[in-house]
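Two complexes, one shared chain (chain A), two partners (chain B, chain C).
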Partner chain A sequence: MHFVQNFPFFCILLTLICAVVTSVLKGRPARWLTMSLITVVTAMTVCVLGYTLATGDSYVYMMGHFPAPWGNEIRIGVIEALMMTVFCFVTLFSFIGGMVPSIREIEKTKYNIYCILVDLVFLALQALVYTNDIFTAYVFIEINTLAAAGLVMMRQKGRNLVAGVRYMIMNLVGSSLFLLGISILYTITGHLLMANIHEGVAALAESGEYQIPLTIVVALVTVGLSLKSALYPFEKWLPGAYSNATPTVAAMLSSLVSKGYIFLLIKFYVRVIGFDIICSLGVLDVLFVFGVLGMIMGSVSAVRAKTTRLMIAYSSVAQIGYIFTALGLRSEIGIVCALWHSAAHAATKSMLFVSCAEMDDACGGTHLRKHLRGAFYHSPLLALAFSLGALNLTGVPLLSVFMTKITLTQAAIEVGGRHMGIVLGAVAISTLLNAVYFLGTAMTLFIPTKEGDEVLPPTVRKNPFTTVGLVGLMALNLAMGLFSQPFLSALAEGLTRFA
Partner chain B sequence: MAKKNKKSRWIDRMNGWLSDEQGALEREMEAAQEQAAAPDIEKLSPAELRWAQEEQEEEKRIEAAMHTWTEKKALPFARALYNLLCVGICVTMIALLLYTVTTLPAFGDPNHPINNEVSARYIEKGLQETGAVNIVTGMILDYRAFDTLGESSVLFTAAMVVLFLLRKDKDSARYSQLAQTMDQNPHSDTYYEPKNDIILQKTATILVPIVLLLGVYVVLNGHLSPGGGFSGGAIMGAGLILYVTAFGFDKMRRFFTYKTYQRVVLVALLTYAISKCYSFYTGANHIESIIPLGTPGAILSSGLILVLNICVGFIVACTMYCFYAVFRKGEL
Partner chain C sequence: MQYLLVNYEQTAAVILFCIGFSTMLLHKNLLKKIIGMDIMDAGIFLFLACQGFIKGRVAPIVENGVQDVEAYINPVPAGLVLTGIVVSVSVTALMLALTVRLYYRYHTLNLDEMIALAGKEEV
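Let's turn to the complex of A and B:
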C-alpha cells in the first residue's frame, strides 16, 4: 500500500484532533492552529489528487482491522480527490480572507468556538466526500448541521439568531427524512455499505420485490438532501442565513456545506442505487422541474434584493437550480456538469461573499448597493474580485461558469425533446437576469462618486489577510476557468469508476 | 546571563501569544468594535447617523416581531392556509410511511434481508475477534469504531454550540451586566428556585453516591454486560445533575468548573481519537496491532474497548451536566 493512500484518513483524524485541541485555546492560537490545519490538509489533498490522477483508479481504505461490510471504510477516487481539492482551497482562502471581519464581529472570548465549528464543518465535509458507508454519511451530516447552525448564529444579533433557528429546523427536517430513508433501505437490503446496497438493490430490481419501499427511499433521501442544499421551493432558510453571517461563514455555508449534500446525493444516485434505476423512477424529472424553476426564481429574487449580500445569497438559489437541472437531464454529461458546477460555484460564491462583505466595510459598514459607488477607487482589489465573480456568474467566456452553461446546453441537446427547449430557454432567461443584477452592481463600483454624494468613511483599514485570501480565490477562479477542459475530462473519466 | 534573559523573554512572548495578548491588528479591531458598539453621536456625519439609526430601528423591529408573531391576527387567510397545509402534509407523510411499513419484510422473519453474512459474523466471531462478551459494544467500538467516533464528535459539536450561545462569560463586556443582575431579577428562573431544600438534600446524600457508582459500573462493564459508555455516562450525568439540584452550583464548583469540563472532554476525546488513529492505521496497512485482547470475561480484556468506553462515558456525563448547567444558569 502506498503511503499517500493514508492521507485522507490522516486529514480526517487531524481535523478532529485540532478541533478538540482548539477548545482549550484562546483566540489567536486557535486562529493560527485552524489556519495551519487547513493548509496541511490542503497540501495532503493535493498529494492524494496527484496519486489518484496518476493511477486513474479509486481505492478503498479500511478504517480499522475489519474489512468493509463489517467495519467502516472510505473510498477515494479521482472525483472525490478533485472535488475535495477545490473545497480545501476554498476553505483556506475564505478563512484567511474573512479573518479580519470575523475578529471584529465575533465575541472575543468565544472566538475559539468559531474556529472549532469551522474545523468541524471541514471535518464533516471531508467525511461526506470520502465515505463509502451510508450510516457514516448520516453521522457526519449531523455534525455538519449542528456546526453550521452554530456558525450562522456566530454574530449573536437578532437577525442571526432568527436565521439560525430557521436553518436548524429546516435542516433537521432534512436530516430526519434522510435517516428514515436509509433505515428503510437497510431493512430491504440488509446492508449499510454502499457497494453491498448496490448489489442488493440490483437484485431487488431484477426480482421485482420491495419496489414501493425502494421508491419511498429514493423520494425521502432526495427530498431530505435537496431541502438541506436549498433547492428552489425549500430555499426560505437560505437568504437570512447567508446574508447576515460573517463573510467566512457565508462563504463556507454557500460553497461547502450545501455542496457536501449535493455530492452525497450524486453518490447516492450513482453508487448506492444505480443511475439506471434512478432514471426509471421519475424522481429526476421532479428535480429537473424544480431546478429550472430555481434558476429563474432565484434570479428574480436576486434582482429585487435590496442589499448586495442578499442578492448574492439569492443568486445561490439560482446556481443550485443549475446543478439540479443538470442532474435532472438523466445523462452522464448531466452528472459531470452538476459536479463541475458544484466546484465552480463554490470557488466563485466564496469570493463574492468575502469581497462583498469587506467592500461593505470599506464603504462605511453599509449594506446598500448605492453606497458602493466608486469603491474601485479606494479599494481596487475588493472591487476587482467582486467584478471577476460577477462576470463569472454571468457566464463570460474563459471563466468557469461559462463552461457549465456550455456543458448544460450540450447535455440538453443530446437528450433532445422537451428537455432541450426548456433548458435553452431557462439558461437564456437566467443569464439575462444574472447580467442585470451582477453586472449592474459591478458597474456601480467603477462609477466615480459625484460632488454631493454621501460618502461614508471606511470602518476597517486594509490588511494583509484580506489581500492574501482574495488573491488566492481569484487565482483559483482563473485557474478553474482556464483549465476547465482537463478538469471536466478528469471528472468524466472518474465517473466511469465512481459507481 | 544574557542568554538566560533572552530565553525568558522568548518564553514570555510565547505565553503572551498563547494567552491572546493583543497585537497591533487586534487592537485596531477591538477599537473598531467598541466604536461600533457605542458610536459617539456628536462626531457622526448626518449620513452615518441615519444609517446607525436605521440599523437600530431594524434590530428593534425584528426583536418586536420575534416576540409578538404568535399574537398577530393579521393575514388570517395565510394563517389558515398554513395550518391546513401543515396538517395535510403531516397526515400524508404519516399515511405514506405507515403504508410503506406494511410492505416491508415482517419483523423477526428468518428470511429477513438483515439476517445476512454481516450479522452472522458479528454473532459468531464477535467474541473471538474483539474480545468483548457484549457483542453490541464490540460492534460499535471495534467493528464500526469510526461511526462511534463521529457520534462522540456530534456530542462535542452540540456542547460547543450550546456553550457558545448560552454561556455567560465574565470576561465579556456583553454579558457582565446581565450576569450581575441575573440573581436579583424576579423575572429570572434562578430567583424562585428552592435553596437548601432539606428533603432533596438528604435524598441526594444517599442517592448520588449510588447513582455515580452504578454509572461507573455500567461504563466499566460495558464490554461484559449490557451497557457501555453512552448509557453509563448518561447515568453519571444524571447523578451530577441531582447533586447540583440539591446542593447548588457553589458546592459543585468546588470540584467541577468550566475548566474541569474543558480538560476532561479534551483528554477523553484526544485519547479516543489517538487510540483509534493507531488502530485504523495498523488495520488499513495490515500491521499487527500490539494491543492484547486478554481473556474474554475478565475486566481487563477486549483491547481498546475498555479505554474507549471510559472516554465515551466521560464525554457523555460531562456533556449532559454541561447542558443542564448552561440551560439553567448560563454557566458551569
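Let's turn to the complex of A and C:
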C-alpha cells in the first residue's frame, strides 16, 4: 500500500483529535489550531488528489481489522479527492476570511466552541465524502446537523436561536426519513457497505423482488436528503439560517454542509442503488420538476430580497435547483454537471458571503441600494470579490458557473424532448433574473455617492485575514473558471469508476 | 391486509413513525415537536429491532459450547438501534436546551410566535 493512501483516514482522525483538543483551549489558540488543522488537511487532500489522478483508479481503505462485509471502510477515487480538495480550500479561505467578523460577533468565552463546531462540520464533510458505509453516513449526517445548528446559533441573538431551531427541525425530519430508508434497505439486502448493497439491489432488480420497498427506500432517502440540502419547496429554513449567521458560518453552511448531502445523494444513486435502476424508478422526474421550480422561484425571491445577505441566501435556492435539475436529466453528463456545480457554487457562494458581511459592516448597513452605493471607493477588494461572485453566478464566460450552464444545456440537448425545452427556458429565465439582482447590486457598488451623501472614509477596516481569505477565494474561482475543462474531464473520467 | 397482520411489528413501527412525523410537522408547540421527533425515532428503532429478532433464537453470546449459526440472531440491527438511540438522545437534549433558552427569551413555546417576535428584533 502506498503511504498517501492513508491520508484520508489520517485527515478524519486528525480532525476528530483537534476537535477534542480545542475543547480545552481558549479562543486564540483554538483559532490557530483550527486554522492549522484545515491547512494540514488541505495539503494532505491535495496529495491524495495527485495520487488518484496519477493512478486514475479508486481504492478501498479498511477501517479496523474486519474485511467486508463486516467491517467499516472508506473509498477514495478521483471524484472524492477532487470534490474534497475544493471543499478544503473553501473551508480554509472562508475560515480565514471570516475570522475578524467572527471574533467581533462571537462571545470571547464561547470562541473555542465555535472552533469545535467548525472542526466537527469539517469532519462530517470528510466522512460523508469518503465513507463507503451507509450507516456511518447517517451518523455523520446527524453530527453535521448538530454542529451546523450550533454554528447558526453562535451569535446568541434571538433571530439566530429561532433560525437554529427551524434548521434543526427541518433537518431532523430529513435525517429520520434517511434513517428509515436505510433501515428498509438493510432489511431487504442484509448489508450496510455500499458495494455489498449494490450487489443485493442488482440481484433484486434482476429477480423482480421487493420492487415496492426499493422504490420507497429511494423516495425516503431522496426526500430526506433534499430536505437537508434545501431543494425548493423545502427551503423555508434556509434564509433565516444563512442571513443571520456569521460570514464563515454562512459560507460553510451554503458551500459545504448542503453540498455534503448532495454528494451523498449522488453516491447513493450511483454506487448504492445503481443509476440505471434509479432512472427506471421515476424519482428523478420529481427531482427535475422541483429543480426547475427552484431555479426560478429562488431567483424570484432573491430579486425581492431587501438585504444583500438575504439575496445571496435565496440565490442558493436557485443554484441548488440547478444541481437537482442536472441530476433529474437522467444522464451521466447530468451527474457530472451536478458535481461540477456543487464545487463551483461552493467556491462562489463562500466568497460572496465573506465579502458581503465585511461590506455591510464597512457601509454601515445591510440595505441593498441604500448602503452599498459607492462601496468600491472605500473597500475596493470587497467590492471586487463581490462583483466577481456576482458575475460568476450570472454566468459570464470564462467563469465556472458559465460552464455549468453550458454543460446543463448540453445534457438537456442530449436527452432531448420536453426536458430540453424546459431546461433551456428555465436557464434563460434564471440567468435573466440572476443578472437583475446580482449585476444590479454589483453595479451599485461602483456608482459614486451623490453630493450631500455621507462619504465613508477610505477602506474602513483593513485586516490581513479578510484580504488573504478573499484573495484565496478569488484565485480559486478564477482557477476553476479557467481550468474548467480539465476539471470536468476528470469528473467524467472519475464517474466511470465511481460506482 | 394479511401482510400487515403477519408483519405486525413493522406495521406498528410505520404507524408510530407516521404519528411522530405528523406531530413534528403539524404542531406549533416546540415541546410537542420534540415529543413527535422521539416517537418518530422510536418507530424506526422498533422497525430495526424487530428485524434482528428471530423466534426461538438467542443473543449471539456462545453458551454451552453451541456454535451453530442457526442458534443465534443477527446482532447488527441491535448495534444500529443502540447507535441510533445515542444520536437521538443527543438531539433531544440539544432541542430541549434550546427550547428552555427560547422560552426564557420569548415566554412562549409556540414556534410561529417566536418567529414573529424574533422578526421584530434588530438584525
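Simple rule for what comes next: the second predicted complex is superposed on the first by the 487 of 499 C-alpha atoms of A that agree within 3 Å, B and C clash if a C-alpha of one lies under 4 Å from a C-alpha of the other, contacts with A are read in each partner's own complex, and residues count from 1 in each chain.
We take it that a residue touches a chain if its C-beta (ideal position, glycine included) is under 8 Å from a C-beta of that chain, and two chains touch if they have at least 3 such contacts.
Keep in mind that this is a model prediction, so the values were computed, not measured.
When both complexes are superposed on chain A, chain B and chain C end up clashing with one another.
By the document's definition of touching, of the two partners only chain C reaches A:Leu172; chain B does not.
By the touch criterion defined above, A:Ser23 reaches chain B but does not reach chain C. In the superposition on chain A, A:Ser183 makes contact with chain C only, while chain B stays out of contact range.
Applying the stated contact rule after C-alpha superposition, one finds that A:His65 touches chain B and leaves chain C untouched. In the superposed model, more residues of chain A are touched by B than by the other of chain B and chain C. Contact with both chain B and chain C is seen for A:Arg159 once the two complexes are overlaid on the shared chain.
Using the contact criterion defined above for the overlaid structures, shared-chain residue A:Val139 touches chain B and also reaches chain C. Once the two complexes are laid over each other on the shared chain, residue contacts for A:Leu13 go to chain B alone; chain C is not touched. After superposition on chain A, the stretch of chain B whose C-alpha atoms clash with chain C is 63-71, while the remaining options among 9-17, 27-35, 63-71 or 207-215 stay clear.
Shared contact residues of chain A with chain B and chain C: 135, 139, 142, 146, 149-150, 153, 157-159, 162, 180, 184, 186-187, 366. Interface residues of chain C facing chain A in the complex, by the touch rule stated above, are 17, 20-21, 24-25, 30, 33, 37, 40-41, 43-44, 47-48, 51, 76-77, 80, 83-84, 87, 90-91, 94-95, 98-99, 101-102, 105-106, 111, 114-115, 117-119, 121, 123. Chain contact summary for the complex, chain A toward chain C: residues 135, 139, 142, 145-146, 149-150, 153, 157-159, 161-162, 164-166, 168-169, 172-173, 176, 179-180, 183-184, 186-187, 192, 244, 307, 366.
Contact residues on chain A toward chain B in their complex (touch as defined above): 1, 6, 9, 13, 16-17, 19-21, 23-29, 61-66, 69-72, 100, 103-104, 107-110, 113, 116-117, 120, 123, 127, 133, 135-136, 139-140, 142-143, 146-147, 149-150, 153-154, 156-159, 162, 180, 184, 186-191, 200, 210, 212-213, 216, 364-366, 454-457, 459-461, 463. On the side of chain B, the complex with chain A involves touching residues 17-20, 23, 25-26, 28-30, 32-33, 35-36, 45, 47-48, 51, 59, 62-63, 66, 96-97, 99-100, 103-105, 112-118, 121-122, 129, 142-147, 149-151, 153-154, 156-158, 160-161, 163-165, 167, 169, 171-172, 174, 262-263, 265-266, 269-270, 273-274, 276-277, 279-286, 289.
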